[in-house]
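What follows is a set of structures for review.
Look for subunit A in each of the two complexes below; its partner is subunit B in the first and subunit C in the second.
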Partner chain A sequence: MSISVLDALRPGKKPALLGLVLVFGLFVGAWVHGKYFSDRSPIQPIEFSHMIHATDNEIPCQHCHIYADRTPVAGVPSVSKCMGCHNSVPSVREHPEILKLVAYWEKREPIPWIKVHDLPDFVHFTHKRHIRAGLACQECHGPVETMNRITRVATMRMPWCVDCHTERNVEHGRDCWTCHK
Partner chain B sequence: MSKISRRDLLQYIGAGGIGVVGGVLYGESVQQNVELLIPQVVPPEDYSPGVATWYNTVCNQCPAGCGISVRIREGKAKKIEGNPVHPVSQGRTCARGQAGLNALYNPDRIRTPLQNVGQRGSGNFEEISWDEALTTVGSRIGRLKIDNEASRVRLLCGRVRGHLDELFLQFMNLLGSDHYQQYDFTYPSALMAANKMSFGTDVLPYYDIRNAVFLLSFGADYLGTWISPVHHSLAYGHLRQGREGRRGKTIQIEPRMSLSGAAADEWIAARPGTEGLLALGIAHALVSEGHYHGSDRDEWSKALQAYSPSLVSAETDVSEDKILQLAREFGTSTASLAIAGGATAAGTNAVASIVAVNALNYLAGNLSQPGGIIFNPDPAFSATAGSRQAGFQGMLDLIGAMKAGDVDVLLVHDTNPVFALPDNVGFRQAMQNVPLIIALSSFRDETTEMADLILPTSTYLESWGDDVPDPGVGFPVASISQPVVATLYDTLPVGDIVLSLARQIGGELPIHMRWGTMEEFIKERWREEYDQRGSEGEEQEFEAFWQAALEAGVWGQPGAVAGDQPVPLSSSMIASIADPVSKFAGDESDYPFVLHPYLTATFLDGRGANLPWLQEMPDPMTSVVYGSWVELNPVTADELGIREGDVLDVESPAGSVRVPALIFPAIRPGVVAIPVGQGHAAYGRYARDRGVNPIHIVATLIDDQSGDLAWAATRVKLRATGERLQIIKTDGVTRTLGRQILGPENDHA
Partner chain C sequence: MSTFVEKLRQYRKPGYYDKFDYHWTMTIDLDRCTGCEACMVACQAENNLPIVGEKRFAENREIKWIRIERYWEGEYPDVKMRFIPMLCQHCDDAPCETACPVFATYHNQDGLNTQIYNRCIGTRTCAVYCPYEVRYFNWFTYTWDEPLEQQLNPDVTVREKGVMEKCTFCIQRIRIAKDNAKDDDRRRVRDGEVVPACVQSCPTEALVFGNSNDPEAKVSKMMKNPRGYKVLEELNTTPSIVYLTKVHS
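Up next is the complex of A and B:
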């Protein structure tokens, strides 16, 4: 007769399995949330693809994000900027997503993009310094040019900032007042 | 492998479902709030987000004419600082200047044209359109003009300078009315009149406090409120610490210690109203002690004969030794300077007192000397607007005309006579006789509230204009006022309203006043001025000059010749002084105390009371925040058995106010002081129903020579009402309470 612990566990087998299914469900739920409902990669009002713009059409980042090298904010392009190009791209004129853009423009309304990369108000961050230090956009924003929907790849939290400042030996990079002022 | 029963399957599905929902909820709970990234529809061309731009313009919070720089981000004004290249402010501002943002963003600003629909003064206004408002005013005035009755139109402004003054004047002239007046409570009428008598000048001179070594101030709170406080504060800093090894000395003579008194080496509380006499006593000592060496020494000593220090000492309650000491220091310091203002310039002897102070400066050789009185050249641009100052007499004339029914249309701009005149002159009541009152105003102050029609003006931060600072700085200076932000509401700059009215009225008005906007008008005038001065070696084109002037906010010619040498002061001026001591309204036995109203560094004459930052700023001397108070010397308070916070009825022959008592050691016994500025019945949520207005109970005595209101010449009596009110102040106790903080020998508990 073989000795098996399974038999001993038999009375607890079902609850354990139920628990396992529950935990598995939790992971599935968290994954689904992360994939479809997360602020890391929220569904935007217009299905804008950086892949089409930056890779297929080879538009440089700062063609649209015009303030990145001279102000604290990179600048989300104005609706008129979008229309400036799309007026002369008839091939996608009837695309449903482009029709949404045209609708915003005709109503003279801004597109309510959902912010993906956000820092708390007590952080004094400026794009200008980072761009001028020679950082590529992708260092923080990830391979944006390959993304159909924009997804945050970094935590955007303080340890992440400080690690990079330390690694690159940034002058005053670990001084509190550099970012909190 | 056993089969899973139906019941078990459902249980597993249930557990899995709960897990998935839990996972989604968990994900949701750790996620930050969604923020939106709102793009601009069409990007602005003149700014980059997050990058500040500084625009230079002119402060309008008091009449000093400081240049300011305003920090603009995303088209919004964020912060005001002094314009570093402006010779008046030199990069500094005062609290009032800082609070200019409160005027711009004030929630009580008038946002559209308003028409009174209820009883006059009831504050029942209805919004109307600009077209309707301008048509109403234009047709009414136009009809009067056609009927040759335009002289029944009157225009009353605050202190308006620069080309806006010219625009107003031109408007009224073309209309055919010569009733364009200005009224500003803080206008130094007595100083102007006295300087005209003494020196024959119509322009305020430059008081060179910066280079003085011994400064004798008769009541002038030059650090807080007197004519150009920011500039004087800078100058004071230099007087004290700007010269290696040579610290200037200041003496302040006033019954209640002001900020300047607190900063002085010595505070002398002469008997109120006798400051001019004290100046004559010092002048007597200057001559008799041999500090004056002019050829007319004998004449001076004769003219001053009656003012020997011993006699003056008895009248002024300042010891003879002190008078002689002051004379000695004043006479022997190279670069001494005497100035007069505040209550000294608001008695019935105001002009006489200032003439006496001018005589001191003459006798000590301070005229046209560094550290003395430097005479300004005529203003760089346009004639002096001071001639339009109505003064108290002019206001009485206006009230008379309104009562007699001689005024059909009254245009009021940027002045608040209902608040800043004693109650019993009846300005408000007289307004009831005017068929149409039009207010050009940004705020609904007491005077605006009486209007039938309000044409909302843009604030100074949204308007074009220019200014010649008064007093000047010894060389020609003019500043440009430019809009630093786009107009927030449906308001118009006052200059544009005048131009629109001119177009509306028609006739020759729009032919002569052909400018579309105030900007065009200002630019054209500056171009004319530039062409006239073209020979002075400035070789750039006008457009380049204009751009440079706009960027700098100011144009000036440092080193250019100062004004003409003044006529030497004659001793006969002293002989013409009938009574160097102020009279007071109210009999001393009935009204035992002298009322000392004083302008505050925050509200000035009340115009700052609608700005919350100024309301919450503690008074620099008493640390009281909000409300009004009456200051009593501890001796006076002890005699009357009054404690801090007792609500007193302060009654003058002209009226009474109820105000809590504050025990304040830096005031002469027998004098009670109430700050000016609070006590508004209107003027927005921050000003309304807060404190009392001492100007309202001032008796209408006038200065003998200038006819101006002697607002520091009223006696009052005090009566405890039995009520108590907690005075809000940031100070703790002002006593050591036996803690021996100052050492045992100085401990007076």
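Up next is the complex of A and C:
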């Protein structure tokens, strides 16, 4: 005796068919949610590709995220920073995504990027200390340089932080007030 | 089980953090305190303390991490007003720490009695155990009217309903000072680099803050003053704050 879905597709077995469609729909729904609607990988106002910038054109992370080794926040580049380069890159000037950027520039508005790596307000995190300790950006942010749309790789939850602090034997790394505020 | 108890005993031993770099301590010179309450205002601004309003104040639900207690001494007409600033004493043998069922309050390696807000479940046991009455409970979620929310300190959590809170010795400032020390490749924070809001605002410099593990620190010298005493010392809480008694003429 073999197991076949054909049996369920027969008109007499409607409830089974419905169940099958429901399960299938759940999987599709989960995939669509993860792909397009989750906060792990939101659709940004401009389809910015780290792949093109960091891999193809070999721009280092801290060329744009200039505060990463100096302050708690890494910093999202200003529109003028984007335009500083793109003004002198005529090859892509007519690209629809670049036109969006120019539109923001002309409206004198910041680009409303959606934050992907967002920590709760009760957490104290400083990029400076982690960069100066010699961590590469990729250890927390994943292979950003290969991403066309930025996706959160790590959970950014407390066990994940504590595991790393324990593994690397960070001084007072497991004291609550090192990270909580 | 027995090893756990041993560990706990080791942990509870007063001065166990001598092997660490810091033991944050404060001295309060009552001879200099004029009761101006500048420290209270500074604390309010620094630590996002809510203004609870007149009604809640009357219900004893105000939140003041540092307060000035006023006492009258003597009989009329020979009456004198005395002040004593009261804040969390960061006791070595803190009664509140033994009480917390979820370890939301604990003693850290810097000699600070700390409170983790998002771990707190609001049993209020610690406030009952505290002989200094310096723990404050958030009975409500307080909000700040526009544009006052703009002045909230981003380095301090805005606490919500059901959470206990108290003086932290401005741990956010300690953290910044340590951060700067690391940038300069220094092992320790220099004396005077960490200044809590109350100490900074005190016009008569009655409050002195520092690391008492460092014998050269100003606070260590102040602690040797023969006028020094600790509040409710007989309860064996071994507070980290030394008060210098008022000189009577």
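Note that the second predicted complex is superposed on the first by the 161 of 181 C-alpha atoms of A that agree within 3 Å, B and C clash if a C-alpha of one lies under 4 Å from a C-alpha of the other, contacts with A are read in each partner's own complex, and residues count from 1 in each chain.
Criterion: contacts are C-beta pairs under 8 Å (C-beta built on N, C-alpha and C of every residue); 3 or more make two chains touch, one makes a residue touch a chain.
Keep in mind the model is a prediction, meaning the values are calculated, not measured.
Looking at the shared chain after the overlay, A:His63 reaches neither subunit B nor subunit C. Looking at the shared chain after the overlay, A:Asp175 reaches subunit C, while subunit B stays out of its contact range.
By the touch criterion defined above, A:Pro112 reaches subunit B but does not reach subunit C. When the two complexes are overlaid on their common chain A, residue A:Pro77 makes contact with subunit B while staying clear of subunit C. When the two complexes are overlaid on their common chain A, residue A:His95 makes contact with neither subunit B nor subunit C. When both complexes are overlaid on chain A, the residue A:Phe122 reaches subunit C alone and has no touch with subunit B.
By the touch criterion stated above, A:Leu18 is placed in contact with subunit B alone, subunit C being left untouched.
Applying the stated contact rule after C-alpha superposition, one finds that A:Asp39 touches subunit B and leaves subunit C untouched.
Comparing subunit C and subunit B on the residues of subunit A they touch gives the larger count to B. With the contact threshold set out at the top, residues 126 of subunit A are in contact with subunit B in one structure and with subunit C in the other.
By the touch criterion given at the top, residues 14, 17-19, 21-34, 37-39, 42, 67, 70-73, 75-81, 105, 108-115, 118, 126 of subunit A touch subunit B in their complex. Only residues 8, 11-12, 15-28, 31-32, 34-43, 48-51 of subunit B touch subunit A when the two sit together in their complex.
Those residues of subunit C that touch subunit A in the complex are listed here as 106, 108-109, 112, 114, 116-119, 155-158, 171-172, 175, 179, 182-183.
Chain contact summary for the complex, subunit A toward subunit C: residues 121-122, 124, 126, 128-129, 132, 172, 175-177, 180-181.
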